[in-house]
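These are the structures in question, set out in turn.
Across the two complexes that follow, chain A remains constant while its partner is chain B and subsequently chain C.
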Partner chain A sequence: MSLLLSSVGFGLITSAVLAIAAVGFTLQFAVTDVLNLAFAGVMTAGAFTAYLVNQAGYSVWVGLVAAMAAGSVLSALLNYLVYAPFQRRGAAPITLVIVSLGMALIIEFGIAAVAGGVGVSYRMGQGRTVRLGGLVLTTVQLTIMAISLVVMVGVHALLRYSRLGKAMRATAANRMLARTCGIRTGRVIAVTWAVTGALCGLAGTVFAIDVGSFDPTSTDIFLILILAAVFLGGPGNAYAAMLGALVIGLATEISAAYIQADYKYVVAFVILLAMLAVRPTGLLGTRT
Partner chain B sequence: MSDTPGAAARRTPPSGRAQLARRPGQGRWRPRSAAVLAAVALTAALAACSSSSSGSHSTLTFADVAPFSGPDAALGPIYLVSCDGTTNAINKAGGILGHQVKCTTADTRGEPADAVPAVGNLIQNTGNLALVIGCTSDEAASVVPVINKNKTVMFCMTGQSEFDHVKYPYFYRLVPPDLAESYAMTVIAQKLGYKKIALAFGNDIGSQTFVQPAIAAIAKAGLTMVANETLDLHATTFRTEAAKIVAAHPDAIMTEALGNADPTLLAEIKQLNGGKMIPVIGTSAAISPVFYSACAKAVGASDFAANFHADNLVTATSGPAYEAFTHALLAVKGHVSGAQTGDFATYFTAPGAVHLYDGMNLAALAMVAAGSPDTAKWKPWIAKIGDGTPGAVVVNSFAAGVAALKAGKKIRYVGPGGPTSFDAFHDSPGIFQIDTYSTTGKVMVSGSITTAEIRAVSP
Partner chain C sequence: MYYLIILLVYAAVDVIACLGLSQQFGVAGVTNFGFIIFQAAGAYVAAALALPPDTANGGFQLYIGGFSLPFPLPWLGAAAAGGLLALPFTFLVGRRLRGDFAAVGLLVTAVLLNLLVTNYRPLFNGDAGMAVVPAPLAHGMFVETSKGYQYAFAAGGIVVAGVVYWFVRRITESPYGRTLRAMRDNDKVADSLGKNLLALRTGVLVAGGAIAGLSGGILVSFIGVWSPPAWSYAETIVLFTAVIIGGAGNHLGAVLGAVLVPVGFEEVTRYISNGDQNLPPNLLPSLQWVAIGLLIAVFLWLRPQGVLPERKRVISAPDAAPGGPGGPGGGGIRPARAHHPARSRCEGPEILRASAVSREFGGVHAVAGVSLSIARGTLTGLIGPNGAGKSTLLSLLAGTDKVSSGQITYSGRDVTALPAYRRARSGLVRTFQLATEFKRLTVLENLLCAMPGNRGDSFLGAVAGRRCWRADEDLAIERAMTLIAEFGLTRHANDYAGDLSGGQRRLVEIMRALMAEPEMLLLDEPMAGVYPELARRIGTALRDLCQQGMTILMVEHELAIMDEFCDPVIVMADGAILAQGTMAELRDRSDVVEAYLVG
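Let's turn to the complex of A and B:
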């Protein structure tokens, strides 16, 4: 029972980090029409930006803000210099996926060339340990969960109540119609890259804080979890991504308590495959 | 603030729904096709890339075939430090029969699927490939036959037991089989009075090869194995695995999970164990500046230094062989890519650096003794120079060996790794010692392990 409760707590932390990334990924995908596999690369760039700031003597929380800025700029540049030109030339979605895969490798190996292929850590303590029933969490982990919660509420507010959010939803639903209605979809897409890039930088940094030691390839497997969360919930739906992240995070950690732990990601994908077989559009996806 | 994502989504009316799902048929993407595309792309993403370099025909090339990326990325740079240091010393001594020597690399990523094309590329595109070093347990089983077929001599760091009894004429190694390391770790546990042992090994080939011998040795030694966790080296956290280990209340953890895995696991164990680290017994692969640096940052330098032991092969720490070796490595300090982390002096005791240095010197002296860089001619000289022949004078460096050969003497090379004794399979296993770290990352010898002690725990 103690192990179960512990694993639930660990699952919630994994879900919290995953949710930030999954929401950013799915918003980006829905509005920009690019299944951006370089997302994890931008996460890594964000994590290393925070590392540089941290190494310069600043708190990692200052680094987190710098990572958001770096993620935002890098994502905007990716769109401006790479994806948008391909889209203007009518590139097919699969072409953009391959392009994004190439960009992921370029970013990842670019960082490795500069920073080396070995693991690094932030200079920070994990805070004191808090025991809540059977849950054992540190104050840093609780902070990560709080950040995730704030991001989820913020995304909800953005989409529900702001003009930008409404424009993003309209662009996602039907870009042509949105343009006809006077929405400057090009600008909305550019802003979406910047906003989701900031989420990406944030996700990369909280991921690195959470795992303790990270290297340029650390987010590779995390990208797969992000995709699992996004497609389990239903692609293009921010709330579905949140739900997917919760399910995947809990499933991986709880399963690790009862089966050979290195199969925990397999469990996540068994759940995803079973879900897609029954409901191809995901948990909250619209049936076509 | 109290809204749950799912509840918010359910309450939101379709006309103003706060979600971004496309309407049927309107978007270019459909969830199902997107999922398929994602799967295809991910499959491609998992097939990672590899690299190698080409060489010139006027220069002999030594190739470091090892992981430079992936979880075991720390290994390649250790060998490269040794390669660059050794070749630099050889070139300063006039080269091999007038040929300059250089190093190149082939990144195996620690995966057989990446290693084979990387080695194929290396063989095809490298002029005057004279020697291969590295080939860890991660990739040895797949690349050794390829290199052997190319008739290139290799000094490998693999400890896999299959090389104890399968004959590859061009394969040489100066390290013991992994099962001997498992026995050595068990002896360390005995010596330190640990009764309950948890195993935490990575799911890579190189680490898993320790597990079964360790289980057998623990039983033979009368100790108790209380947990056995296999760590996915690509996983981002090991919290649940750590919780299982802490719940088993081990006296010590035997582990080899390189990359970020061990640092992350140890930090999580410390957190779950009320801030107290459980003692750790590592393999010789843990004797590297990169490993120390990552673990010290993860759990604190003083905690790590106080709770960590590892088996390591006995190597010289003074004398002419050690002086020549350290001088050679120090000459390239700061110039080797990927080797700028931590205390450089750790390389002086890192098994890969020491034994590959010896392997390269053996090969270079064999070429000089044979009077030819032609592999068929110099290969037989490796054992002659390593094991010695009657009347041979002991030399401790390439330069000293060349001088003695020029003087018409027979030589026996004894490097910092000690004298060799090759068997029919070209294995020359050494003997073990127990290493610890200081709080600054300096490697210290805290004890020795005798052959009798190893034999006592061997099943």
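Let's turn to the complex of A and C:
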């Protein structure tokens, strides 16, 4: 029983981290039409930015803000310098996926070249331990969940109530039509890169806080969890990504408690392949 | 000197792998981001076949198998393993999934299989990998470490690479290869012309997997070790970079790319990095990956077609087209089904019937309970305002889209559950509203690949070689050239279809559908973008075809065309059929006039 409960606790934290990343990834894909496999690389860049700030003597939470800025700038640059020019030229979606893989290599191994391949961790305390029912969590873990919750509510508010959110949804639904309706889709897309990039940098840092020690390739496997969460709910749909993140986070951690921990990603993998084969539009989505 | 031999073997292995990838990605358009796992499977299986049982050598490594099989069985086993491993993935690249999603699925598979093999030791010795794999024939008079043996091994590898080159070229330059390229350019249209996408992609995955497996088998029997880091997902990207730089779709380009990227770039810099001890150990390998990423982006931007672009297949006509000039309307476009008598034909007044056919998109009834009957030999028009459901109905009839409810009968046979390619093969062929030419095929090739019954249009036929399919091909070329001449495009026969004007592409589309030897044609706005004079000539040609026994259902907005050529005309509005009759009759009906004619 306590095994199950503690794995649920881990699952919720993983879900919280995953939800931030998955929502960022899926919004990016929906609005910009780029299946950006460099997402994990940008996460790593964010995590290392926070590490630098942390090493300079500031709190990791200050680093978190710096990481969001770094993720935002890096993503906007990726779009401005690479993806947008390819799209303007009418490149096929698969070409952009290949280019994004190239970008992933550049970012990830660029960091590895500078930082070396060894694992690093933030200088921070884990805070007091809190018992909630049968769950045992640290304040840091609770903070991560709170951040995730705030992000989810924020994304909901953005999409639902703001002009930008409406423009983003319109651009995602039909870019050409949105443009003819007077929406400056180029600007909407650029802003989307900045916003989702900030989410990406944030996700990278809370991921690094959560796992403790990280190196430039740590997020590789995490990208698979993101993809699984995104495709489970339905690519392009933010709410579906939240649902997917919850399911995948819980499924991997609970299964880790009962089978060998090394194999916990297999569950995510099976879910992802099954969804791709049976229902590529996901549980909630209709977008293909 | 020894280093040169190693480079030669690596070159042979990489060339083989790149040829397999070039066939999948460049020719067939299947983006296999998991390519490296097929090479890995070949390497592991070759090792497990060649090694003695794992209790030998003091049992320091664990693995399944261990059969001490003599050369060349491990290599053959490696190819078989790569091919068999491809089978479970065919569901990912089947008919329904978009290419980039399938690519993501394969990438994820590659990452996770690597993780699994790393952590599960009993299978292939986990992260330590397999070692002391015996070299082929390395006993008795052959000494593995001798220079002569090493040269012989390199020569053997190069010979195998040559055979693989010959093999993929034979496939690519056959009618089957042309079908693969058509599928690459537009799979939905290939489907509608009777090509079985699932079978085609399965063939491509299995053949490419076997080639990758063979390359792994050769590699492991040379270096003697194989472990998970050797086949990380990123190695696939290296091979992709090679194929992109060399030229996707050109097998010589794949050879060039293999020599430039994995060999010239990776192995040589690896060699350099061993020389300088002052650098941090991680720096050069990392920078190498950065450079690979840069190469991909820069090449896709500056020269997406690669150093050696895909060659244009110029086919010279056997002799001047016998149909002569004069444009369509000469009455010469007859359905030449003489060499296809096998098609089952159930003669009767009715060829196509739809009963209460509906299609729903998330609550919207695009087609709502349409019932219609098309009589054999008629040229039926289908009109209606935008959004009436005309194109959706056409898709349902052709099988491009599935009905939500209702039944479709064609030639007395219930085809409701048949996929598009099966309906096309039984003579029900459609065209599309938007331009759908195979862009990187010439006009002539566009037509040729629609021709059914070519013996070279199958994997085995392609392997059998030109002798097997030459006669069919010549016949197809003759028919295609006749058709092209009748539509006045002879001058463009060997131009890429993607380079034509909008109107010319419409013509290619109609000609291609006619090449498929249809019994019934479903045309979606065939005259959109065609100048009026030519539109009338097409109309005349279509009417002549119907007089010769073909049946046509045509969506068109130009009422003058409807007036002149179509009888009966069906009017659709809001997903349902509003009226049916001659144009004259329809003009007298106030509801029709209100819904459509006035607007």
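Please note the rule applied: the second predicted complex is superposed on the first by the 279 of 288 C-alpha atoms of A that agree within 3 Å, B and C clash if a C-alpha of one lies under 4 Å from a C-alpha of the other, contacts with A are read in each partner's own complex, and residues count from 1 in each chain.
One rule holds in what follows: a residue touches a chain if its C-beta (ideal position, glycine included) is under 8 Å from a C-beta of that chain, and two chains touch if they have at least 3 such contacts.
Note that the coordinates shown come from a computational prediction; the quantities given were computed from them, not determined experimentally.
Aligning the shared chain A places chain B and chain C in steric conflict. Contacts of A:M68 after superposition: neither chain B nor chain C is touched. In the overlay built on the shared chain, the residue A:A277 is in contact with chain C alone; chain B does not reach it.
When the two structures are aligned on the shared chain, A:S2 is found in touch with chain B, with no touch to chain C. In the superposed model, A:D33 lies in contact with chain B only, and not with chain C. Contact with neither chain B nor chain C is seen for A:A47 once the two complexes are overlaid on the shared chain.
By the touch criterion stated above, A:D262 is placed in contact with chain B and with chain C alike. With both complexes superposed, B is the one of chain B and chain C in contact with more chain A residues. In the overlay built on the shared chain, the residue A:L243 is in contact with chain B alone; chain C does not reach it.
In the superposition on chain A, A:F86 makes contact with chain C only, while chain B stays out of contact range. Shared-chain residue A:M103: touches chain C; no touch with chain B.
On chain A, the patch touched by chain B and the patch touched by chain C overlap at residues 35, 37, 93-94, 97-98, 101, 104-105, 109, 112, 116-117, 220-221, 224, 227, 231, 235, 260, 262, 265, 276, 280, 286, 288. Residue ranges of chain B in contact with chain A, taken from their complex: 1, 3, 5-6, 8-9, 12, 16-35, 37-38, 40-42, 44-45, 49, 68-70, 73-74, 77, 203, 229-232, 234-241, 243-244, 247, 259-260, 263-264, 267-268, 271-272, 274-275, 290, 293-294, 297-298, 337-338, 340-341.
Touching chain B in their complex are the following residues of chain A: 2-3, 6-7, 10, 13-14, 26-27, 29-31, 33, 35, 37, 93-94, 97-98, 100-101, 104-105, 109, 112, 116-121, 123, 126, 129, 136, 138, 152-153, 156, 159-160, 165, 168-169, 172-174, 207, 210-215, 217-218, 220-224, 227, 231, 234-240, 242-243, 253-254, 256-257, 260-262, 264-265, 276, 280-282, 284-286, 288.
Those residues of chain C that touch chain A in the shared complex are 31, 33, 91-92, 96-105, 107-109, 111-112, 115-116, 119, 234, 237, 240-241, 244, 280, 282-283, 286-290, 292-297, 300-301, 304, 362.
On the side of chain A, the complex with chain C involves touching residues 35, 37, 82, 85-86, 91, 93-95, 97-99, 101-106, 108-110, 112-113, 116-117, 220-221, 224, 227-228, 231, 235, 260, 262-263, 265-266, 269, 272-273, 276-277, 280, 286, 288.
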